[in-house]
Amino acid sequence: MTNKAKLLQGDEAVVEGAIAAGARFFAGYPITPASEIAEGLAEKLPIHGGKFIQMEDELASMACIIGASLSGLKSITATSGPGFSLKQENLGLGMMIEAPCVVVNVQRVGPSTGLPTSPSQGDVMQAKWGTHGDHPVIALAPSSVEETFELTVKAFNFAERFRTPVILLLDEIVGHMREKVVLPKQDDIEIWDRKKPEVSSEDFNPYEETEDHIPPMPAYGEGYRYHTTGLFHDKTGFPRGTNEDAKKLMDRLMAKIEENMDIISLYEKDIRDDDEVVVLAYGSTMRSAINAVNRARNEGIKAGWIKLKTLWPFPEELIKNLSKDVNSIIVPELNRGQLIKEVKEHVFGNADVRGINKYDGTLIKPDEILDLIREVK
Amino acid sequence: MTNKAKLLQGDEAVVEGAIAAGARFFAGYPITPASEIAEGLAEKLPIHGGKFIQMEDELASMACIIGASLSGLKSITATSGPGFSLKQENLGLGMMIEAPCVVVNVQRVGPSTGLPTSPSQGDVMQAKWGTHGDHPVIALAPSSVEETFELTVKAFNFAERFRTPVILLLDEIVGHMREKVVLPKQDDIEIWDRKKPEVSSEDFNPYEETEDHIPPMPAYGEGYRYHTTGLFHDKTGFPRGTNEDAKKLMDRLMAKIEENMDIISLYEKDIRDDDEVVVLAYGSTMRSAINAVNRARNEGIKAGWIKLKTLWPFPEELIKNLSKDVNSIIVPELNRGQLIKEVKEHVFGNADVRGINKYDGTLIKPDEILDLIREVK
Amino acid sequence: MNYDIDRFFRQDKLPHIWCPGCGHGTIMANLARAIDKANLDPDKIVVVSGIGCSGRASGYMNFDTLHATHGRAIPFATGIKLANPELNVIVITGDGDGAAIGGNHLIHGGRRNIDLTVILMNNHIYGMTSGQFSPMTPTGANATTTPYGNIDQNFNLADLTKASGASFIARGTAFNTRQLIEIFNDGLLHKGFSFIEAISQCPVNYGRRNNIDTAVKMLEWQKESSVNIKKWNKLSDEEKKGKFPTGIIYKEDKREYTEMYQEIIDSVQKEA
Amino acid sequence: MNYDIDRFFRQDKLPHIWCPGCGHGTIMANLARAIDKANLDPDKIVVVSGIGCSGRASGYMNFDTLHATHGRAIPFATGIKLANPELNVIVITGDGDGAAIGGNHLIHGGRRNIDLTVILMNNHIYGMTSGQFSPMTPTGANATTTPYGNIDQNFNLADLTKASGASFIARGTAFNTRQLIEIFNDGLLHKGFSFIEAISQCPVNYGRRNNIDTAVKMLEWQKESSVNIKKWNKLSDEEKKGKFPTGIIYKEDKREYTEMYQEIIDSVQKEA
Amino acid sequence: MDRYEIRLSGAGGQGMILAGIIIAEAVLYEEGLNVTQTQSYGPESRGGASRAEVVLSKEVIDFPKVIKPDILVALTQKAYDKYSKDVKEDGIVIVDDSIDTKDSKNKTYKLPIFEKAINEVEMKLTANILVLGVIDDLIPQIRTSSIKKAIKNRVPENTVAVNMKAFSVGKKMAEGGNIGE
Amino acid sequence: MDRYEIRLSGAGGQGMILAGIIIAEAVLYEEGLNVTQTQSYGPESRGGASRAEVVLSKEVIDFPKVIKPDILVALTQKAYDKYSKDVKEDGIVIVDDSIDTKDSKNKTYKLPIFEKAINEVEMKLTANILVLGVIDDLIPQIRTSSIKKAIKNRVPENTVAVNMKAFSVGKKMAEGGNIGE
Amino acid sequence: MPNKGKVKITHPNRCKGCNICVMYCPTDVLKVVDGQITITDIDDCVGCNNCELSCPDFVLEVVEEDDK
Amino acid sequence: MPNKGKVKITHPNRCKGCNICVMYCPTDVLKVVDGQITITDIDDCVGCNNCELSCPDFVLEVVEEDDK
């Protein structure tokens, strides 16, 4: 027996995914095109005993979900570009203190107020570099309503499993599009919860270096009485201000992501051995890419596609290897060329890399990709 | 006759440079290691009839200097990582509405509160990608006190000439280091002021497409009565919400920078025809680089250096060409490898690119660079 | 009095985009009348707004106008004014823009007593983003983010700005337009931080959800709920319930920020 | 009364890093005494601080503690409390952290009347960053960013938080420690948003620059300037000049945020 | 390819988006049929033109927006002028009879949509549901009963009756106009 | 290379940074001599160890920090323990006589710096300037008169006299200890 | 201060039919017909200005008789 | 509520010599010598607790005589 089909928007799928993943706390501030997520969770959370709060701004929203996470709840916030910019400082704290939480950015065209109701993939680089200093980032980007549900659950799972904020990058198309979807049954959904300490409070170090680099995390009020700070700290959670501690912590924060690439790096591909052109895409743009590749194949062109569901960490090895097998990689994006920079960096001259870029609020049409496939093939 | 020698900190050189460039407005919020800039300008500005205001936070500071710029004053703010994160939203507005101003970030180790008194170059990518959406960026990075003065003046000149916010990226070493410097005499300093409209208010379009892509800019109160918004707008300054306007504006914002690379892209180099290894650096790291290269040459190694004073826009052509002439490029940075990504992207496999990275608050020592030069030579 | 307000609007931008019956239009029109009455030089007026339906006002008014970021109009205005104190700087904000995200700037503007005229169009809702609650949405009311009724309390913005240090505080309504003109006029002419809460109506995103589904009914509510400050002070606590005072609530002669700063410049330059 | 406070401190972190004579130490010690007196379960106490010398307190107190970002302690605390209302959440902030950059969160916390105890250590200066002026630096005083004397006005934080909607408002001094313990105790036990301004002294970055260069002199100033609220109300305006009231300034029984939210959950879940 | 595309266009407030959602929701009752529904607002979140799009297919739908509509409904002149040129060669255009459709290259039906909504349904706001009645038979992939179920689900409870009436008025109008022949 | 490196170390509040600045400022009066002066604070902006560094050279100074000091002054045990091992082989170490310097590999002078500051200058806080007197002759690139000018410029006006006294006490102490031979 | 003039629909295209002016008019001069403001009987107008001041779209103006 | 006990320097290493306790002591029991708090004559101590409550570094405690 399966669940009944539903007609859901991407934003609504975030709501469903969050509830399914066990989210029990939302704090946010309204903004187009993400407000539907807040509205949905305002309704759904109390039904599941969870809490919804509308804060005075986005800075406070980000702070609030980190606080709730420290109290032990799976927590989430949702915003769009301007609000995402405002969340950056506290997002950096979340990464530093390793607070699991999910930050949704339903992208509209920026910079500034930009085109508030039009789709964009313009915040991809900001998701990686928006807060000051080096920092670990996981960012996922769904291309359909169904995938939005799937990746929302994954976002919470990664957040809990790797003890870090996870960014979910929708674009306005995915966020507002309605699709017929059949959600998996709750029992069929894999759920991860943060590791809890198994030692007594006396033996507890909140930032213990463990084999998997992920320190167990008690909730506030469980008697561990530990300290947390945005300063570089040692395993006790306290800053000593030494250079060694800074390097050690930073290396661990990065390692817990880099060493789990196989788990975190989600992608799908349809590349045949003899394909010469590959379209690499993500988010709503992916849909035009698949349409174009299918039509190109009908024309006998040796083309394939690769869909990145995880944008950050970037799958460097995958691209490096791919670049050796194909002649051309086409990267369509709803921005002036952001993820393509990573692709270029890692092909290291082995393949021709070509972008298709729209940053005016319109979509990239399948024909535009097909034309370029024909050109480079 | 020259000026007398002075002993100045980098932060103090920003103060001197700002006054010399004609800055008459500062708004900011204290933060280590940038507070000395505020303190210096609080004292100096009123002497020159300028204004200093300490705002309630960094968001307000960024807003305030844009406002002052619209009223016709050359304006500046100064901060460090956490505050730079908070400025991002309003910085994006400044880029969108083309408000000349200078934003100084004296970098300390992040993320979050990090190591507040230790040097870093960790905000280089944030300077480019920190605000949401695509956007034009000019960012300069001095490597000495003298250069700090020089680049502060240049920052104002670029801001005025290209009608855009300019970011000045110091690192804590440069900001707090004292050096003996002889500042140029005021008459010898080239100063640019924003272009003023030459038409009457009836014929005036605040975002007119001109040949150089830079619309003339009247001050508030001069009778032009024009509108400015962070929405995409046409030449009249008003949003029409059309996709064409969005593209046109974005293209112009980028073009005014890209087409002036020869003016904006500042660098120095000492590369001999037969040099095989080049150290590319910026900011305080540059000083170790030069030391190392000089010693390598003494050992007979064919090494050279290139110093980027302008980090953004990145000198893509320069690196592309360089990569064809040398075997190895070494990029030492006080971060986990940021600008090196641009280098790798643009060498396109033509040269071996190697990083030396410190992100623990200590400096890269000349010996560490020298060792790598010896290794790759 | 006959007002000449057409000259203060960008005629090619009209009709404005606000919904039928939206109180923001009435408030903006009467701000224009007050500017006419106060006889200010239109070339020396700057209107700064944030983001929201209220924020649209800057696009319609024929002065130097800035449509800034959400919540930050006051610090932009602060820079504009301090850089050139001869400008008359008017801030138009909303209950979300000015009291939620922009609350800190509101109280710090008041604390500095810098010479701005801040008009907060309070329609008790986030209009532009389709009806989420604001800090001014009445407790118990319905909004898209309060599916079970609003539990948040409201600010009393007059009390808040008074406590912050603002030297002119008033409240008017879209209903009582004659009073509104007077208040605006006085606020514009007051030297110092003038805060004016203008009660507006959003029939589309507040009214419809709260069983007062026409602009006319909402204006009637404004009429019934508002009490002139002169009468207000004589009411018992019981009588005050569900009502609010209008008129000039507080006014004080107090040193103004840009004037004090000019004194610093003058004295420093004299010494030099 | 004998207080047992050693257990509330992380002994290995002492002596603390605050300068000799810094009022923050006295205030923190007496907060510990009040916690002892109020008999709270230390496992259920969370201390959240921002950044500043005041913000260091979280590192010394032996509870669950969070040293957050500058100015944002209250929203972090809001998330902690709403997620688990059985926790006693104490916020320790400074006059810069709480009243400058964090001002909006302060008034919105008060507006919601969420059950936090907010202690603002007011030393009238940015201590940690070496003496720039804060919104609480007296007009006319010296700070590193006021080379010509401070022209900014101050907030009256009691008035401001009262206007915001907070239900418990008090002021104490590092000088009057017995009163401070009482105030902290009452604030901790009060259900709702408790705001306590604790006047502190920064001999290093305020005193030295303002000719009151020892902690002892600064405490004497506190003694001379403070008036118990009971006496305060009888003073003439003239007598109030240069002085401030201490004690519990305002207290009200008012519905608390997390309780109201729990009612929503209960009623929604009953319906389901 | 069995991809079938519908574009509903008009002014904000005319309920075109709701109409699109209803078609999409009706697909829930059709086994093996997929749907994507998108909309676009004007430059800002309120006011201006509004457009809803529905794509139907038995296969997985890749590009989610309409490329060349099989059906275009346009309730305002502006919408007609903007969208009529995109319609598929054998596509059908349905407009309110107040609209000037000269130079139309498609099969175009001018129907008194608003008039009937005002006079027969006595509620102008139901024009969107009336339109659903008009085009119902043009969408063979979806049964009339499914559309009706979706209407009941999506309109406010107290307006179900009037909307069902609008739907049948629309259906009758289509028969009268011989649409779909 | 004529690069000459000086490191002054101690606890926060001992004025080591001011001493470093004074040496650097003295360079303003020496034609053709370049200088960089840096400092490092403890982990945070107050408290903990403090260190000032000065590099002198006739050439342009590339690396601005001390690599191997020619002179190390250490006023606390902690500072000595941390920095003594970096000193150049022929470098000179100067410490307060309270400090344990066993295993020193350098020419090391233990001087009663604090004692003299307290007893002869009658102001412990002048130890930093006293140190300048001690090392004055070790820095041949800078004339004594230049150091004196720099002291006058940088110390608070009302403390010039006592600081000049500290300087000469330091100089005398150096002679006594035969430093620089 | 009532004006001596009479109401005039100076900007009919801006009218959104919100009925606000209608509510304010003491003498029922104004009526919304088909979403557009109309004047029923101009002679009833007492020139009180209410409609002009309250219209959110500044559609109406009270003008001197001879201005008409 | 004055205590029956006497002052004790429970954590001498924490004392920073700020003189605050000295100011508070009604009977001049305390004195800072070489930057460190010392007790001049314990017999003078009236156990008023002032010093304990005011010390910013919680150096002092008033303890029952027998605790000493």
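The chains carry the letters A, B, C, D, E, F, G and H, assigned in the order they are written, with residues numbered from 1 in each.
Convention: contacts are C-beta pairs under 8 Å (C-beta built on N, C-alpha and C of every residue); 3 or more make two chains touch, one makes a residue touch a chain.
Every value quoted in this text rests on a predicted model; they were computed, and no experiment measured them.
The minimum number of touch steps linking subunit D to subunit E comes to 2.
When C-beta pairs in contact are tallied for every pair of chains, the largest tally goes to A-B.
Centre-to-centre, using mean CA coordinates, subunit D is 26 Å away from subunit H.
Once the centre of each chain is set as its mean CA position, subunit A and subunit E turn out to be 36 Å apart.
Inter-chain spacing, taken between the CA centroids of subunit E and subunit G, is 39 Å.
Per-chain Cα centroids separate subunit C from subunit D by 32 Å.
Listed for subunit E are residues 42-45, 48, each touching two or more other chains. Those residues of subunit H in touch with two or more other chains do not exist in this structure.
For subunit B, the set of residues that touch two or more other chains comprises 32, 46, 56-57, 59, 82, 89, 93, 97, 112-113, 115-116, 118, 229-231, 241. Listed in rising order, the residues of subunit A touching subunit E in the complex are 4-7, 32, 115-118, 173, 176-180, 284, 287-288, 290-291, 294, 363, 365-366. Of all the residues in subunit C, the ones that touch subunit A in their complex are 51, 67, 69-71, 100-101, 103, 126, 129-130, 132-133, 135, 144-148, 152. Here subunit G touches subunit C in the complex through residues 1, 3, 11, 13-14, 16-20, 22-23, 53-58, 62, going by the rule given at the top. Taken in their complex, subunit E has these residues touching subunit A: 21, 24-25, 27-28, 33-45, 61-65, 67.
Subunit D contributes residues 1-2, 5, 9, 14-16, 18-26, 29-30, 33, 174-175, 177-178, 181, 214-216, 219-220 to its touches with subunit H in the complex.
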